[in-house]
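Have a look at these structures, which come just after this line.
Both complexes shown next keep chain A, but they swap its partner, so chain B is in the first and chain C is in the second.
Then we have the complex of A and B:
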């Protein structure tokens, strides 16, 4: 079954930014709880907009969410220092989002993720440039899988993120990401793939429509984890219907249960 | 771009059955026009519920629709006699839905479709049984393509229908149809694939949700034609979004245009 990383606690959202600035624990806990109840397996926390105070904010978010919600978190930052500070506070086994093939980032994060049991997102980004083709993504992803497993991370704890780029920039970007998901899942049995959905629709109207149709295609391509808003009923409906259509829902049980609980829309 | 066969003029719908029984031309013409305006390339006509009077009803439907709507029809019947009567009345080049590998049906329909220029749906059904696996579908589909091209039908006019079966019966039925679509498109360059969507959701609640998610997966698998209700805005939105996501909508033009015309939902 799809592993769901709940995306809402991200300071790029105005209400979250304000809550973090004011240290409004009750608000953050409520958002975390809603996402947990909607089916999240991990709660993502991202304080990227705070620049110089990111580490402090991330630490506060970890303590605040885990004080009331019994789920592991996804610690979401490109900054190895923020991640390494947050991981030390975290109870249980977090997801680290993310490591990449960029030399500095890889080298400074590797000791952190090998010394704490955790899940790790491996972003298909190399030093030089953003990937555009399927091949470049698979190449960078493969290199990451090899380096991480070589360093002792079990393959089941690696989540390759193909790096979604907008179809508004290049209409082949959807197929490039989908092809990479499929190839990576076939090439490395046991590995996970993960992505956020919203980049795909950047620059276009009615983004939620695009995101949920893209989710269906990702699931069909073998995606095993996803960063999304589990309180978005239309998105979760697309997820459930597609899991059923692709043989991931035995006896259509989850779909029918969601129907009975009035969760399909 | 996807070839759309509009499905509403089918006497299994109560209002259509009544209109055909009363020979209510105005009603039938209105439904045909609505579907034409919503983007249909063919208007399907099916009078299957009339059993003994099917041929007469089908002939009336052909004349009625074509009296006012300038589109080719899809003549929809398992009965070669009804199809051969209807094709003679049809102006332009109809779609014949369908021929199959069942011996009687194939032999009696072949002279009809080779003597009138037409598009032909080749249903993946053989004498003995319904197909269940990808392989059986590809085998029957391939046999049909070979026989039809051998009889002089251009490959571009053949539409292989993988025969959709409900996921409620077997959760692998979605993947079986999708895999067959992909393989047939790869095996026979230039051929079309087509399917109706609604069988996939038979026996399950909220069927329209399932149908539109399945449509996305069909498009991604290479489907080139589809039998659906083009006045269903949610379904057409899924179609447009998925065509864009799979590189079939240059510069996202159709999607953006649909947005501007308030057709996305």
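Then we have the complex of A and C:
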């Protein structure tokens, strides 16, 4: 079954930004609970828009969500300092979102992720450039997997993010991501691949349609974890149907159960 | 209606064949290159930018139009005469230190070029000192910075500081943009303008230089 990281608690959403600013715990808890009930395995928390107050906001989010919802969180920031502060407060084993090959980011996060049990998102971003082809993505992903396993992180806890780039700018970007997912899954048995869905549709109309269809293709390519809004019923229906069609739903149980619980749309 | 309406429409539609044919036709009919550039091509790209900002056109359409304009400009190149004002101004652009994202920066560059600006693109992960050094060298009218991460936004005020130190701050206008960047942030760091998208960036650049 696909590992679902629920994306809604992100301060780039206006309502979340406001709730964090006002320290409105009830609102944040409600969003977390809705996502948990919709099938999330991790609740992502991101306070990136607060810039220099990001660390404080992230800490508050960790404490607030975990006070009421019994799920691990995905601590989401490009800033190693915010992540190290948040991981210390977190109960259980969080997902660290994310590390990359960028030297500063890698070096400052490595001691943090090796001293706390956690899941690690390894973003295919190289030191000096963003990969464009399948080959570049696989190369950066492989180096990350090797470095992380070398540092003692079990391969099952590594989630390679192939770095999704918009098809609006280059129509090969869909295939580049899908090909990378497939190759990385084949090359490193046991590793996970993960991605968000919205970057693919930047610059295009009706983005939800694009995101939903991209999810199906990702699943077919072997994606094992995904960052999305699990309260989006159409998206979750596409996920269940595609998992079933690709042999990832024994006896079609998840799909049928979703139907019986009125969750298909 | 402009005498280059068919040309403009072809640029907006991204129809390279018609646009090139119309460009040649206009040259043959005796129009001068400057006129074709201003009233045929740049006019069209302005409309593309406006429609994009309003959500009526999308990124691939904008890219296609920009490409058509580039092709037509190549055809015009040998026909520019001395004294033609082929550039509306010079923009030095780059993604700030620590940040490797180039898509937004490239879209802005392309639309500025479409509006008749000359672009000097420093690429990604551009150190504040590099911005300052190049500003001294190429003497741009505008320095434009992009950041896509909240963690790299502080490189923007650092770059402004580097320009101040080099005593170049007052000789340029500063424009910023990128997903986490806001109008408010632009004011805080004393940048001169904020562009929320590629179309808006062009309008801001024009008003900074008092064009239109």
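Keep this in mind: the second predicted complex is superposed on the first by the 265 of 265 C-alpha atoms of A that agree within 3 Å, B and C clash if a C-alpha of one lies under 4 Å from a C-alpha of the other, contacts with A are read in each partner's own complex, and residues count from 1 in each chain.
The criterion applied here is as follows: contacts are C-beta pairs under 8 Å (C-beta built on N, C-alpha and C of every residue); 3 or more make two chains touch, one makes a residue touch a chain.
The structure presented is a predicted model; accordingly, all values stated were derived computationally and were not measured.
> Once chain A of both complexes is superposed, is A:244 in touch with chain B (first), chain C (second), both, or neither?
Touch status of A:244: first partner only.
> In the superposed arrangement, does chain B or chain C reach more residues of chain A?
Higher number of touched chain A residues: B.
> Pick one for A:141: touches chain B only (first), chain C only (second), both, or neither.
neither
> After lining up the shared chain so the two structures overlap, which partner does A:214 touch, if you call chain B first and chain C second: first, second, both or neither?
Touch partner of A:214: chain B, not chain C.
> So in the superposed three-chain picture, is A:78 touching just chain B, just chain C, both, or none of them (first/second/both/neither)?
In the superposed model, A:78 contacts chain C only, not chain B.
> Between chain B (first) and chain C (second), which does A:130 come into contact with in this model arrangement: first, second, both, or neither?
second
> Taking the superposition as given, does A:51 touch the first partner, chain B, the second, chain C, both, or neither?
second
> Quick check on the superposed pair: does A:204 touch chain B, chain C, both, or neither? Answer first, second, both or neither.
A:204 contacts both chain B and chain C.
> Which of the two partners, first being chain B and second being chain C, lies in contact with A:168: first, second, both, or neither?
Touch status of A:168: both partners.
> Could you list which residues of chain A make contact with chain B in one structure and with chain C in the other?
168, 171, 204-205
> Within the complex, which stretch of chain C touches chain A?
55, 58-60, 63, 98, 100-103, 106-107, 124-125, 149-151, 153-154, 179-180
> Going by the contact rule set out above, which residues of chain B touch chain A in the complex?
167-168, 171-172, 174-175, 178, 200, 204-206, 209-210, 213-214, 216-217, 220, 237-238, 241-242, 244-247, 249-252, 255-256, 259, 264
> For the complex, which residues does chain A have touching chain C?
12, 48-51, 54, 77-79, 102, 104, 125, 128-130, 165-166, 168-169, 171, 202-205
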